[in-house]
Amino acid sequence: MNKELTVQTKLQVRFSECDSLQIVWHGNYLKYFEEGREDFARKHGISYLDAKQHGFATPIVKSSCEHKSPLKYGDEFIVETTFVNASAAKIIYSCKIFKAGQLICTGETTQVFIDKNGELVLNNPSFFLDWKKKMKLI
Amino acid sequence: MNKELTVQTKLQVRFSECDSLQIVWHGNYLKYFEEGREDFARKHGISYLDAKQHGFATPIVKSSCEHKSPLKYGDEFIVETTFVNASAAKIIYSCKIFKAGQLICTGETTQVFIDKNGELVLNNPSFFLDWKKKMKLI
Amino acid sequence: MNKELTVQTKLQVRFSECDSLQIVWHGNYLKYFEEGREDFARKHGISYLDAKQHGFATPIVKSSCEHKSPLKYGDEFIVETTFVNASAAKIIYSCKIFKAGQLICTGETTQVFIDKNGELVLNNPSFFLDWKKKMKLI
Amino acid sequence: MNKELTVQTKLQVRFSECDSLQIVWHGNYLKYFEEGREDFARKHGISYLDAKQHGFATPIVKSSCEHKSPLKYGDEFIVETTFVNASAAKIIYSCKIFKAGQLICTGETTQVFIDKNGELVLNNPSFFLDWKKKMKLI
């Protein structure tokens, strides 16, 4: 069984992402986490568009971020996105950002499945179970 | 005839809108212009949702901004949005931002009408002509 | 003793804050929380600029958000910002967003004090203790 | 003489950059232009930090964007940033965005030099003239 599914994404801080304190504005880390998730999703065929094609929206219902050290303008960094293999009908990613090996922040995001009628889906959609099987997660 | 149709909108600079130079990041003035336009549109019944209801999208095709003086964190300011009464099938707004009477920047945005097939509309849609009549612009 | 210190801030969703799903992009709730905090801070004299004047930066070290229901374009909503009276040298706010009485999301942010040398401050700065006394929090 | 100094930067549309119309929100093109400028600046040693080191801030005083076709989520595109060799004490860039060879938009940004006292500089700073000589622009 494939226990850890992780993708590393290389990014660089943009000028417009820094605030008056000359560090990345804290809310922008959620953009970096999203970049990481989407990179993961493109690489593993489980993107927002894949879900959409199967009739589901996958909104974020929970997110958190804990900061250890700030990023500054021009910094190059790695977003490390790990799929957390939950049994519930949720998509959970653990996110870590590193700069030159140093841990910058950690976070987690949780997404749920909403069907075409706008209803929360309580059981894992079959396309998601198929994907998990393919990835040897179940 | 109603020659000048202007709406004034009061806003305040948010912390997350300032950059490393401790002034509002230049791209954020386009957000303020949009706030001004939407406030105008709500007051005069010509919003993006009104257009949508009539089957049109109204994307921005042109925007510009000229800066005289910067806004800083916490500054309160006025966006002054003036409808420019063009004959072509376009929605043009002239935008000015003032802080305590001082001119901060000027700009202009141009929107076109796109129909349900994604085609550019060359003649003014009837709902827009009706609105212009109601506003005594034609 | 003043057990609950809460400020309510009225805001409206901007067009540029909505994403492809036509709801507010999840990261933008951190902007709303910040608006709430800054409104609280202006009303109670404990803003980022007050801290700065005393020689401290107050970066966010932790933030979280749990979503119950989405906000859409044009929605008016209330950010309710409550000061969490911790004993540690931290500024903690609990944040709730309501639309027409309905709970939209809950969250929390934690800030620390960094002195002029960039060092984490382990004891509450005196200006912060003075403020707490004035507010009858200690 | 080096008449055209151009840098091409490859980027990809982020989810959070798209709006309710499922296209890139118009103001975000200014971010892409900035990415292009900063990439240009890093490659040619004339970045915002270089100017800062010589005692100058280089705020944007004018920007414009004309849209031909929208970018959508996931689109890969090229920002083409060309230095416009003006004689006045200004930094002017012409910006074009292409997707698979198709022109998406064109724009221009103008920056000025502000000295340590916050005064507008009317003559080209010597570090900028030196750079122009090095680049065979004068």
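Chains: A, B, C and D, in written order; residue numbering restarts at 1 for each.
To be clear about the criterion, contacts are C-beta pairs under 8 Å (C-beta built on N, C-alpha and C of every residue); 3 or more make two chains touch, one makes a residue touch a chain.
Listed by chain with UniProt protein names: A, B, C, D = Acyl-CoA thioesterase.
Since the model is a prediction, treat every value here as computed from it, not as a measurement.
Engineer: Shared touching chains for subunit A and subunit C?
Structural biologist: Of all the chains present, those in contact with both subunit A and subunit C are B, D.
Engineer: Determine, using the mean of C-alpha atoms as each chain's centre, which chain is farthest from subunit D.
Structural biologist: C
Engineer: Higher C-beta contact count, A-D or A-B?
Structural biologist: Taking the two pairs in turn, the one with more contacts turns out to be A-D.
Engineer: From the C-alpha centre of subunit A to that of subunit B, how far is it in Å?
Structural biologist: Taking the mean C-alpha position of each chain, the two centres sit 35 Å apart.
Engineer: Could you please state the distance in Å, as a whole number, between where the Cα atoms of subunit B are centred and where those of subunit D are centred?
Structural biologist: The separation of the two C-alpha centroids amounts to 24 Å.
Engineer: In whole angstrom, how far does the Cα centroid of subunit A sit from the Cα centroid of subunit D?
Structural biologist: A distance of 30 Å separates the two centres.
Engineer: For subunit B, which residues are shared contacts with two or more other chains?
Structural biologist: 15-16, 27, 31, 34, 73
Engineer: Once bound in the complex, which stretches of subunit D touch subunit C?
Structural biologist: 15-16, 18-20, 22, 25, 27, 73
Engineer: Considering the complex alone, what residue numbers of subunit B touch subunit C?
Structural biologist: For subunit B paired with subunit C, touching residues are 14-16, 31, 34-35, 38, 42, 48-49, 73-74.
Engineer: Spell out the part of subunit C that touches subunit A in their complex, as residue ranges.
Structural biologist: Subunit C reaches subunit A through residues 21, 23, 26-28, 30-31, 34, 57, 59-67, 70.
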